[in-house]
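What follows is a group of structures, each given as C-alpha cells.
Look for chain A in each of the two complexes below; its partner is chain B in the first and chain C in the second.
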Partner chain A sequence: MRRSAYLLFAAASLLLMLHPAGAATRPRYGGTLRVELSAAPTSLDPGQTVFPTGTQEQLATLMFDRLVELDQQGRPHPALAASWQYEPDYRRWVFHLQSGVLLHNGSPLRPHLVVMSLAASNPSWHVRLQGDDIVIESSSPIPNLLAELACARNSIVVHTEAGAVVGTGLFRVSTWETGKRLVLTANEDYWGGRPFLDSIEITFGRSQRDQALDLQLGRADVVEIPTDQIRRALQEGQRVVVSAPAELIALAFSDKTSVKEPALREAISLSIDRSAIQSTLLQKQGEAAAGLLPQWVSGYSFLFSVATGLERARQLRRNVGTAPSLTLAYDWSDPLARVIAERVSVNAKDAGIAIQPYGENLAARGANADVRVVRMPLASSDPAAALAAISAATGRQSAMQMAFPEELYATDRALRSDFRMVPIVYVPQAWALAAGVRNWVTPRQGGWRLADVWLEGTKP
Partner chain B sequence: MRAQCYNPLFPRDLRFRMPSRSQRVLFFLSAAILVASVLTASAVAQEWDASARELAEKIIAHAQSRSSLSLTVKNISSLPPSRVAEVQRALESELRRRGVGLVEPDRAIDQARVTLSENTSGYLWVAEVGHDDSWDVAMVRVPVLAPTERTSTALTLRRTTLWSQPEPMLDVVSTADGGLLVLGRDAVSLYRVQDRKWRLAGSVPLTPSRPWPRDLRGRLVIEADGSFRTYLPGVQCAGTIQPQFNLACQGSDDPWPLSPEVNAFFSGHRNFFAGAVKLAGSGQAGDLGPFYSAAIFAQGERGFWIVAFTDGGAKLINAQGQVVTAFNGWGSDLAGITSDCGSGWQALATRATDSTLPDSLTAYEIANRDAVEAAPPVEFSGPIAALWSASDGRSVTAISHNLRTGDYEAFSVSAVCGR
Partner chain C sequence: MSYRAKLLALFTATVVLVTAVVAGLASTSMRRSFERLEEQRTNQLLLQFRREFARRGDEVTRRVQSIATASTHMAADLTHSSDYGPYVNEASSLASAHQLDLLELLPADGTIISSAQWPARFGYKEEWIAAPVDWNAQSAFLKREDLPDGTALALLAVREVRAGDSVLYIAGGERLDRSFLSTLSLPAGMRAMLYLSTEPAFSPQALTDASGPVAHAEKLAPVVQQIQQGGEQSSQVVWWSADPASAEAIHGIPLKGRDGELLGVLLVGSSRCDVVEMEKRIRIVAMFVGAAGVLLGLVLSGWAAARATRPVEQLADAAREVAAGNWWAQVPITSNDEFGELASAFNLMTRELSDQRERLVQAERVAAWRELARRLAHELKNPLFPLQITVENLLRAKEQNPAQFEEVFRESAGTLLAEIANLRAIVQRFSDFARMPAPELQPVRLSELTEHVLKLLEPQFTAAGRAPITAKVELDPELPVIQADPELITRALQNLVLNAIDAMPSGGILTVRTSPSDGAVTISVSDTGTGLTREECERLFTPYYTTKQHGTGLGLAIVQSVVSDHHGKITVESEPGRGSTFRIELPLQMPETKPTRSANV
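Let's turn to the complex of A and B:
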C-alpha cells in the first residue's frame, strides 16, 4: 500500500485537470455577488432612515451585528452577546459581550459603544454599563426583549468622530456612491468566521426591466422580482425564491387637518377592496391584510375581516360632512405602490371620498401628502417584536403587554383603533437568482442571510 | 453474491411457533408498529388533552350559559385532517366534564367557534365565544409534537441517534467508559449517564486566537489509551477523560487523521484539506490538491481512494495513483466503512446539494471501476454538516442540521447485512 500510495501522490497533480463532476455540499470561498435593487437609499445608517424600507434593513444585516440573532425557528442565539441573564419579572436584563470583537476600522468594540447604540434606538429603555456588561432596564416587563434585540433596528452602529458609521458585521464598506452603488468586502476578522463571498456589489435604482435583462445576460446574480411578477417568473422557469408574506403595504395618514376625522379614515379603510387587490393586482400572491401582522406570524389575523364595508363607509362619509379632496403619495420607483394607490382612489370614490394619487421620491424626503402608501418590512418573526417595531415606526413607543396571544391580539387592534395606519396587503419578498448562487436561504420574514452564500465556479 | 447476516430476533424456545423467517419478521414488525402506534396516539391524545382543558376553561369563562353551547371546530393550520377530529373530541370531552351542555348551533344560547390556527411558535387554537354581534376571543398556544421517525423495512444502513442539541456540533464520539464527547464550536463537552439521563460531566471551552472559519470543521479521535485528540483548523488539543476531564490546546498545523494509514493537512482558515497528505508509518508525502473528504480502502494492490475535491468532483483513484473515474451527483462529504456485508467495504456519500436542503447518505461499493449503489439512501431532516469515519472503521458519525427543528443531530451510521 505504501508504494502504491507514493505513486498515487505522484500522479495526483493530474487529477485537477479532469473536469469537475456535479456540485458539492460544502461551500467554496471567493467571488463577487452582484445584486441589483430598484431602491436608492441615501444613507447606510439604519438610524438615519428617512422612510422605512426593507432595503435599509437588508443592508444593515450585512454591515452591522446585533446582540442576539433569531434562527429560522425563531429561537434566540448569541451574536455580539455571548450570554445573558434576566430577572424573573423581565424588567432587568444583563448581557455579557463577546470578547475580541473588532469594528471595521480595526478598533475594538467597547461596551460603552453598545450602550450608546442601543440607547439611541430605544428611548424607552434604560441602557447602562455594569462593569463590562450591558444592562437593559425598563419600567414595564419586556419578555420578548431577545426578539426585539434581533431586529435590524437594534443593530450596533458606531458613529466615528469623522461622522462615518462603522459596524462589526460580515462585510465592510469598500465603495459607497450615495443611492447608486455599494461595494462591500468580506470582513476577514469577523468574529463568526469570514463569509464565503469575497465581496458584494449592489447597484441601486435599477428598473425592474433592467434588472431582468441583466440577470438574463449574466450581468447580475440576484435581482428583485415584483410581487405581481412572481407567478410569471416561475412559469418562465426562472430560479425564484419567495419569502412568506413579509412586507405590509398600508396607508399611513398624516397629522394634517384634512384627515383629522377618524370617521373619514375609517370610511377609507372600509372602502378598500383588499381581496381584489390581492387576487388581481398581486396575482394571488401575499395576503389581504386587515391586521398588522400576517397570519403565519400572529395565528389570529384571520379574525380581522378584510371584507369591504361600502354601505358603512358611505354612512361614515356622510357623517363627516364636507371633506376636501385628499392627496395620496406613493414611491415613484415602486410600480406596485402606484397601482395600489390608484385602486384605493377608485375604491374611495365609491364611498364618496375623493383621493388624488401621485408619485414622489419617498426615499429622499417625507411626503407632504394627506396619506401615503408605505411599505413596512416585518421586523421579526416573533409577533411581539414585530408589533413593537411597528409601534415604534408609527411613533408609539408606549409599553405594551404582549406575553400572551390575547394581549397581542388586543395590541394589534389598539394600534389600528384610530385608523392612522390602515393595512391593505401583506406581500412576500421575491428574488431571481443566477444558477451559480448557492446556499441562498430565504428567511420566512424576508431579508437577506448572505453569511453562508457562495458562488459556484469560484476557486477556493 | 452478497453475504447474508442474520441475528435471531426471538429466543430459541419461541422460534418453533414461527413457521418461517418472513412470518417472524412480519410478526415482529407488526407488533412493533402496533406498540409504536398506541404509544404515539396516546402521547398525542395527552398533548391535546392539556390544551383542550385550557381552552375549555377559557370558553366557559366567556360563555353566558353552560346549559346550551354549540361547538364548531375549523382547521386552518397544518394539522392533518385526521387529527382535527381528535381535537374536537378532546374539547367536547373537557367541556362536558365541566357541566357544559353541547347543543346544535340553532338551539345554542352561546356559540364557541374554534379555529385551529398556527403561528411561528406552534399551533394556536382560537375560540370566538358569543352570539350575534357580541363575541369574545380566547386563545391557547399548543406546542407542536415532534413526529415520530418512520421506520423502513428495507434498510441496509442503520442510523442510530447519538446526540442532539441546539448548538452546532462538529463531531461526537463515544468514550470507553460509556460517556459521550461532543465537539462544538466553543467547547468540548463530556456527557455521562446518571439516573438514566445524559448529564453534562464536564466542559472545556475552546479559545482560538483568531475567529474560526465559517464552515467550521473539526474531529475527535479516541486514542488507544483512552485519551483523546481534537483537530480543528489551526488548533489541536490533547485531552484526558480519566481520572479527570482535561484538555490542553495549542496552535498547530499538523495533519489530521483521514484513516489509520493516512493523515492530511487541513487549511487553517478554510473548510477543506489543503491537499498535502502523509502516510502515517513511512512519513511519505504527496499533494492531491484541495479536497473536502476522502474514503480510503487500504488493501495492498487492491486498495483505492475516493476523493471529493473542492471543484465539486468525486473521483476514484486506484492503488497505482490513476484516476479511474469521476462520480456524478456525489456531495462533498464521504467516508468509508468496513462491514461484514457485500465486498466488506462501502463508501458513504452525501448528496450533491447545498445546506439549504435535506441531505441523504448513500452506500456505494466499487465494482468494475464503477460505484454501485449498495443500499437505499438514508434520508436526513437537513444538510449533513460533518461526516467522519469512526476510529474502528465500522461506522461513520454524521452530524445533521435538522431544518425543521433547527437542532443539530449526531448519528452513528453503519451497514447492516440483509434487507
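Let's turn to the complex of A and C:
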C-alpha cells in the first residue's frame, strides 16, 4: 500500500514537471463572453410562447432555473427542487424546494412563486402548495413529469410588479435592448455557486457572414455555425462544437382551404427527397426525419421511411384534382430554411404540385402562407417530454400514454397522421468558439451550459 | 378684271404653283432623305446593339472559361468521389466571384452538382448538356432556364473541363432581364425591351424594359406577333400618343436558341423625336421661305405685270384721248418689241385718222357748203319765182291794163311782201342755227318740261285738215332733277314732237316717255308714221338734210346740237312703215368743264 502511495506521488510529481503550464489552464473567474446570434428575440420570457425558439431556450438556461435538470443521458437531477416524491400512479408529485435560493432582485424564492410560474405554463396541471412543498397533480398519469419540468418552458419565471421577469439563474439581466443586444452579469448569489464568467454580451440579428468575420477578427467568442457550414468549418480547422440532432425542420401546414386535402399534404411529404437534403444541403450533418424525434432520442425513428415516394405522390396529386399554386414561407434570415424550402418546391414540382417559396420575417409566422418551414428545437432529451412539447406546439394536447416505446411510436405516428406537420430533417446546433473559450460543454439536445465556461487570458 | 389683274393673278398662280411644286418635291426629297438617314441610323444602332450583345456573350464565355480553367482540381476530385455535397454551394460562390447570374456545375451525366441560380435543384439532371457537342468550341447562346421564381431567358456559355476520364461541365451565363437591359450601352434615344413569353397570345406583362414593365405594351403586339409567326425580324413605327414626337421606331429581333427555337423577342426602340423635331423645324423654315418666295413672287409679278401692261395702258389712254377728240394722241415708244410695234402702229393710225379726218372735214365742209348753197338756192328760189311772176304781172298790168293796175299792184304788193317775209324767215332760221346759244344750266324736271311742251303742241294733234293724232304720254313723276337749259331742251322736244306729227300725215299715235337710267334720264318720242330707211337714219342729223317737202333740214341738227351741248346722246330707231323712235339720254350732272358748242357744222 505504501509502495503504491509512493508510485502515485512520483507520477503526480512527474506530471507536474512535464506540464509547467498547468497553472495557466486552471479555470479563472472573470471576463465577458461575447456571443453573436442571427436571431432577434423579442422577449426573454420562455413561458410567453408555447414553443420557444432555440434561442429563447438557450437564453432561458442562463437566466432561469427549473425544478429538475436532465443530464446527458436524460437522467433527472435536482435543481431548484432538492428532492421529490410521486405516487405510483404518477398522478401526484411533491417537490421539496432548495432553501436559500434568491431571485435576481435579491428577494428569496418563495414556493408560491414557483407554483404561480408552473401553473401559468401548464394549465392542465393542478399545482398547489403543501406547506413549503410544491404539489403537482393531474387527472391523468404524468410519468414523464420530471423531463417536462426540465424543459425550458417550465423555467421558474417570476413576474415583478414592475412587469419585469426575474429568475434565479446563473446570470442576471444587466442590459436588454429588445432584439438587438443582451448583457448578462454573473449572479453572485447563485445557489449553485458563482459562474466563472463575469458577464455575457449577446448581440442579436447578426448575419452568419458577419458572425464568421467577427470571430476571425476577435470581436466575438461564440458564433453560430449553420448546419450546412459545419463540414467546411471543420475542414478549415475552426474550433466547432456540435450537438446531436436537436432541432426539427419541418413543414407546418395552415388551416387554409388550399391545403385542406390530406392527400395533397401527403403527396408533398412523399415527394420530398429528405436524404438528398441531409446529404447535400446539410453536408451529411443531422439526419433525415420521417418521425418527429431524432433517432438518438426516440430509438424508433429508423422505422419511419425517409425514402421518396414519387409515384405515390403523383397518384395522390392526381386524385386531388385541381390544386392551386401553394405558398411556402420561410424565415428570410435563415438561409438553410430558404434552400430547404426551395428544395421542397423542386421536389413537389416533380409530383405536379406548384409551390412558391418566399421569405418573410419570423415574427409573421407565415400567417398568409399555405405552408411554412418551421424549426422546432428538441424540448427535451426525454422522448415523451419532447413529443408532448411538439404536441402542445401543434395545438394538440395529447392524452396518449407514452410510458413505453410502442406508445411513443404510436403517438409519433398519430401526431403526423394528418400530415399537418411534415418532418424533413433534424439538424444539430453548432458553434464556433474562439480559442480563449474554455470548458465548453455542449448538451446533446443543444442549448448552453455556461456554468463552468471560463475565458483564457482573462485577468482575475 | 383688268388685264393687269389677270396678268398678276396668272403670275401669282404660277409662282404659287411653282413654289408648291418645289416645296412638295423638296419635302418629299427631304422626307426620303430623312428616312434613309433614319434607316442608316437604325441599322447602325442595331449593328451596335448586336455588337454589344455579342460582346456580352463573349464576356460570359470568357468568365465561364475562367471558371473552367480554375476548376480542374474540382474535376479531378470528382474523379475519385461521387459525393457532390461539398460542392453544393460552389456555384453560388463562383457565380458571385465572376459576376454571373447563372452557373451550374455538372458531371458527365448532366446531374446538377451545384446551381447558383437554383441551389435547391442539385441532383437533378440537365439532359441537354450531355449531348455530343464540343462545348469548348461553342460561343454563348440563348436558353430558357427554369428558376425558382419562374422561367427566364439566359445568355449561356458552356465549357468542359476534363481531368482524366472525369468530365465537368461549367454552364454559366447572364439572365436576360431588366437588369441586363439596364447594363447595355445604348446610344441616346434608344432603348431595348424584352418580350419573354412564348405563348401565342400577346401578354403585356411579359414585356419589360430597363425601367420595368412597358406602359401601353399592347401597341407592340403586332411586331411581337409578326415575329412569333414569321420568325424573322420586323419593324414598325409606334406612336405612343397623338404627339408626332412620341413616335418610336421599333425593331423586333427574334431571340432564338441553339436549335433555332424562338425563345423571346428583343425589341429595340429608337425614338424618332429628334427626327420629327428636325422635320418640324425644316418644315417651319420651308414654310417661311415658301411664304417669302410667294410674297416676293407677288411683288415681282406685280412689277412685271405693271411693266408688261404699261404700254397697253398707255395705248388705252391714247385711245381714250382719241375718243375724247384728241385725234393727235400719240403713244411713247419705249421698246422694240411687239408693244413697240403696237404703239408705232397706233401712232401711225392716229396720224392717218387725223389726216383722213381733216380731209373728211374739208370734204364735209365743202359738201356742207354745197348743200347749204343748194338748200339756200332752193329756199331762195321758191320765194324768188313768185317775186319774179308778181313783178312781171305788175309790169304787164301797167302796160296792158292800166285800169286794173292799181288793183293788181295792191295784190302784187301783198304777194311781194309775203314772199319777202318768207325770205326773211328763211334767213332768220339760218341765222338762228348759226347763233345757237350755249346752255344756261338750272335744275329741270324733265317730266314737267315734257308735259309743258306737249300741252303747247296739243292743238297740233287735232288741227283741222289733218287726221287726228293720239298722244300717249308716259312720264315718270319721280324722275330725278337734271341740270339743263330748259329753253334749249324745250326747243329740242318741240322739234322732235313736230317731226313726229309731220311723220304721221294720216294720223297715228304719238308716244312720249320719260324714264330714269344709270346716271341719266331718258326721254323717248315715238310715232307710228312712215318710218325711215337706214340711209335716212344715218344722215338724219346732218344739217340741212330733210326728208320733208318743206323743211330746212335744221330741226334734228338743232336737236343733236342741244343734246350734245348737254353732254347727252340722241339715237333713232326706225323702220319704214312702222314709225320711228327718237331717244334722248341726258346726264344728271353736267361735267365740270364748261361746255363749248362746236362751231363746226
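The rule is simple: the second predicted complex is superposed on the first by the 426 of 460 C-alpha atoms of A that agree within 3 Å, B and C clash if a C-alpha of one lies under 4 Å from a C-alpha of the other, contacts with A are read in each partner's own complex, and residues count from 1 in each chain.
By our rule, a residue touches a chain if its C-beta (ideal position, glycine included) is under 8 Å from a C-beta of that chain, and two chains touch if they have at least 3 such contacts.
Everything quoted here is computed from the prediction, not taken from an experiment.
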item: Most chain A residues touched (candidates chain B, chain C); value: B
item: Touching partner for A:Pro27 - first (chain B), second (chain C), both, neither; value: first
item: Which of chain B and chain C A:Tyr409 touches, first, second, both or neither; value: first
item: Which superposed partner A:Ala323 touches (first chain B, second chain C, both, neither); value: neither
item: Touching partner for A:Ala451 - first (chain B), second (chain C), both, neither; value: first
item: Which superposed partner A:Ser279 touches (first chain B, second chain C, both, neither); value: second
item: Partner chain(s) touched by A:Asp228 [first = chain B, second = chain C, both, neither]; value: second
item: Touched partner set for A:Val441, first chain B, second chain C, both or neither; value: first
item: Complex interface listing, chain A residues touching chain B; value: 1-2, 4-16, 18-29, 71-75, 77, 189-196, 295-300, 302-303, 381-383, 404-406, 409, 438-441, 444, 451-452, 456, 459-460
item: Contacting residues of chain B [partner chain A, same complex]; value: 76, 115, 117-121, 123-124, 126, 128, 137-141, 166, 210-216, 261-262, 269-272, 275, 277, 279, 281-282, 284-290, 292, 298-301, 303, 305, 307-315, 317, 319-323, 326-333, 350-356, 359, 383-384, 403, 405-406
item: Sites on chain A touched by chain C in the complex; value: 228, 231-232, 273, 276, 279-281, 283-284, 339-346, 356-357
item: Interfacial residue positions of chain C with respect to chain A in the complex; value: 83-86, 88-89, 118-124, 148-149
